[in-house]
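Okay, so subunit A shows up in both of these, paired with subunit B first and subunit C after.
Showing the complex of A and B:
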């Protein structure tokens, strides 16, 4: 059984960041990078399967990103797995979820994967679409926001719990092969020690281009995306009012505000 | 003193007097067997230590000199328990004298006499003084042993209570009855040897009462003679005494042989193991943990054979005195950790596995686990690395590095409290354990009405390494602002590293994440290498400890001061313009990392004295100060709600002092813990928690500011 786990290096921003000159993204000076939190859980799921079934399972982390994205692969390999894959090409800049999914789908085919485990969404762009696009492109069964799953090698079908609102779960049967996007809390991701990360550098990371999988430049990047960023901006902040005074005075002011809002509505 | 009518040569004791040949031969055979068993026992022990990892000793000479000083002064035993120290000294020195006595006799009687045909020195005046000294030694021995029996049986000392904090009563290794049996066996064996020795001596005197070369000099053995007179007063005759003699003689000999044979198998082995332990002890630990090769294949202790021979020896040196058990703050709060029980479990584990002919299979050698004599993770995670255990151990056992070594393996396996994991991940990503963005690190400086120099860009005289909690904890940020104002007002040329500063890594190392410690240290060293400064100062004792003691192994050699050391120096040089002095009565808390680990007890006290503050000492102060509970990663881990935390225990200790208005600290972590504890113990109407720097700053201004 082979499990491909796409992981993403996401950007983190401060409160006092600035938008870059072309108005389409945050100025790179204000960006820090880390592994997408959801991907810790999907990788942990893969690690657990590897530990349970041993040689029958191969788990491979994959990322689409430039050189710095090797960090997230090392983070994964520090915990387990024998090799990683990174796909990058300048043509991949500004790819949306769909374009990225094109790449992931090709890698999944190339690797003969049985399952693709993604995170439910990524914390920077939050589209929650990449996993499902991969499923669509591969024409595989899929389930999103997975909170519980039992995968056994050679299983034709698996039972999956999905997390819905208000603490309700949905239990569904999914045929394999399948793409599952994993939700937080499905397990407890282990710690990647600095030593582990250093030792992971000895594990091979294959760096490829989308072209190696038969994709043209037109199928990726801004051209190949189904959506593109028009503008990125910080919304106008409204002022907060601190209501001071005695309890009676505060109550009076609150009542005034309520009346204003009701009257205004 | 010898009667001129007596030939001095015959004023002696005839060894094995009137023994038939077969009896002498039997005696030497028994001695041989007993000694063989002794050496066999020693061989088993040495083979056990060699089954651990190699370890090369440095400073052997200094170690031996220190050990001799320890032994002669008995300083490690007298601390915090004067009577035990004194009584042990009586036992120790008299035992040594008696042993030297036996060796002396053996030398002259068994070696020189067969060669030369006569006794060379053991007769006449020498013999008389010899007898006297040893009789008194025996008395001292008796007093010491009897006191120890009284202490063990009747004083009900908490530290001699073998009840375990890390096991429940139903568990098989909770039972400590073998230890108690062994303790009493040891004492009784020695007492019986001593009593039979005197009775035998007295018996000989009664038997030989008609021989003037014996009887005339009997008072040179005063104790024996008292026994002899008593026996005579009970109508024992010379013939009667003679008839008992062989029995008494052999009884004494056999109990002595029993002691010698059993020595390497029982508590008596501490005679050797404690001695060597004191020679090999690393006095820089736990301030400076032994460096490890973080690039090695595997790190940390998983199997008992991963310990080196020094560590295995340490576990054998323990005499179950319980001082560490009593000193441990985790133990006092009810955590499942007793340093004593951890060391004893390791000892039992190594005895059960490494004393056999073949070493058992790997799983049986595992140090961490739920089984008998294994250490549980929660025991290890309870430790605050405060060093109180190591500080007071009379035989030099190093509990903390051994504990950290096992933690390293747990960290590698990813087995840790989730809160610790989060803190480590924050440190990996953001360089601080709190998880705050790097850019916020110097936000506290914005409240000042002056700019602090950026040490990364300009040369400074003093580089102030601020630290995580100092930079980011809201309460302590005020202390940083105070310190900045003191330095500014005093005209000091200082700067900070702003957001390039990362956590110094002291606690990361003590949690066991050696790779992360190296990462943080290497980053800081690289940042500092680009700066131009003379000295480093910090208000944070944890940063102080690692910068001063541990960074040198990674290439960072600096002249590091704690803020109180700097302030003391500045006050002495009148560099700080004091507008006034305070008149407050406070108590002062020695933090573990500044105090016990780095022995700086005086600088803060002198600073407080210079500004007019009167200190009423805590009941447990200086090297005996009780930890606030934040070390070893515990500041990141929430304590169980129902227990009384170390900081609360300490705060109650402070609140019991009359007439003080403040609890003075010198550390951001202590401040954090005690600000909580002063409220949770309801002491906040009585005591304020104040940092020593804040008190100094209060003297810079003329108007009375409420503090």
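Showing the complex of A and C:
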């Protein structure tokens, strides 16, 4: 059983960031990067399956991103797995969830993966669509926002819980192969050990282009996306009335406000 | 090609509240473009729901009978796909629900139509549909366009549009469902345990704690503070995921919407979209956070940039 785990290096923005000249995104100088929080959980799930079933399970992290995105693969490989895949090409800049999914689907086919485990969403754009777009392109069974998984190698079907709104869950069976998007809280992601971090540096990361999988430039990037950014801008947000002063003064003011509100309730 | 199609959503025998918001959004869009609004409802007995969809501004209710009443993703995908072939709508709207997250990206990917999720404003610039959504944890807004796309699929953020209360007599038609190979099978719904615990959805005064609490040992201080102040203790997702407080105390999209709350004291909660979905409507939000940039301050009435533990130490003295 082979499990492909697409992980993402997400951008977080500085205070007082500037929009780039074309008006379509934040200037790259104002971006910091970290692993998408959800992807820690999907990778942990893959690690757990490998630990349970040993050599029957191969787990491969994949990222679509530039050189710096190797960091997220190293982060995964420090916890387990033997190799990673990174796909990049300048034509992939400004890809939306669907265009990224085009690449992931090709890698899943190329790797003969049985399962693709993605995060439910990424914290930067929060489209919550990449995983399910992969399922659409592969025409695989799928479940979104998965909060519990029971997979055994070679099983024809697996059992998962979908986390729905308002605390309700739905238990369903899903045919294999399948794409699952994994929700926070499904497990407790481990931290990488120092030894693991050292070992990860020796593990191979295969770097490929979308063209290696037969995708054309027109199928990825902004041109291959299902939406295009017309403009990005800092919204005019309302701001709370700030309660200032020493901690004692701030607490006193909160108490006054609360007592007033309770009195009026 | 001048139709707006709404996919009505239901769970456990009830249309979702968000469906009525989506219909309101569709009717608003119709007014600017003169489009028709066609609402599709997929159910084992669709008539049960279509009776409740007689809303002013809706032009047609399309009943589609399916075998199982609950959502099944392959079924919804195949039927919506056939509806798109038959009706050729310019825009297809659903709520930004978990079910929509399952089926809409599949349809978008297979048909390569325009697609955006969690949209909170829809406008036309001439003939170009512009969908506005957020990025970077609500710090930025983005206007998306869909050049060359004849159909655009949109999922709409909840608590954004006011449902239309005016009723109307809407013509009903039926559409026959294609046969589908369902690759997932419903086993059961697991509803949240009804414990003897308080129902935070009914609490008027809530004191909620988030990631800032740092570790389980610190929970007690806030339990005591909430008790002393006469507040009910709630929390954000990480606290419940860690098992530090029961899931029944979680405020947000996957927890509770705190409908009855009047005063919400947020300690160490940065304000994720999912958390704010459960409490942003509260009239009096007081947020305490060390990070002056935290999103929670954009919806709070009062903001306190301070250490939550120091504030808590002081605050309790005013209520003892």
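FYI, the second predicted complex is superposed on the first by the 234 of 265 C-alpha atoms of A that agree within 3 Å, B and C clash if a C-alpha of one lies under 4 Å from a C-alpha of the other, contacts with A are read in each partner's own complex, and residues count from 1 in each chain.
Assume contacts are C-beta pairs under 8 Å (C-beta built on N, C-alpha and C of every residue); 3 or more make two chains touch, one makes a residue touch a chain.
The structure presented is a predicted model; accordingly, all values stated were derived computationally and were not measured.
Colleague: Which chain, subunit B or subunit C, is in touch with more residues of subunit A?
Modeller: Here the partner covering more residues of subunit A is C.
Colleague: Could you say whether A:21 touches subunit B, subunit C, both of them, or neither, answering first, second, both or neither?
Modeller: It touches nothing on subunit B or subunit C.
Colleague: So in the superposed three-chain picture, is A:132 touching just subunit B, just subunit C, both, or none of them (first/second/both/neither)?
Modeller: second
Colleague: With the two structures laid over each other on chain A, which partner does A:34 touch: subunit B (first), subunit C (second), both, or neither?
Modeller: A:34: touches subunit B, not subunit C.
Colleague: For A:191 in the superposed arrangement: first (subunit B), second (subunit C), both or neither?
Modeller: In the superposed model, A:191 contacts subunit B only, not subunit C.
Colleague: Touching subunit B and also subunit C: which subunit A residues?
Modeller: Dual-contact residues (subunit A): none.
Colleague: State the interface residues of subunit B toward subunit A in the complex, per the touch definition above.
Modeller: Interface residues on subunit B, with respect to subunit A: 294-295, 299, 411-412, 414, 416, 418, 421, 424-425, 428-429, 437-439, 513-516, 518-519.
Colleague: Subunit B touches which residues of subunit A in the complex?
Modeller: That would be residues 14, 16, 32, 34, 79, 188, 190-191, 193-198 of subunit A.
Colleague: Which bits of subunit A are touching subunit C when the two form their complex?
Modeller: 11-13, 15, 26, 97-98, 101, 120, 123-137, 141-145, 159, 161-175, 181, 184-185, 226-235, 237-243, 247-248, 250-252, 254-255, 257-259, 261-262, 265
Colleague: Which part of subunit C faces subunit A closely enough to touch in the complex?
Modeller: 11-12, 16, 70, 73-74, 97-99, 101-110, 112-118, 130-131, 134-147, 149, 183-192, 204-205, 229-230, 237-238, 240-241, 247-248, 250, 253-257, 262-263, 265, 273, 284-288, 293, 297-307, 310-311, 314-315, 317-319
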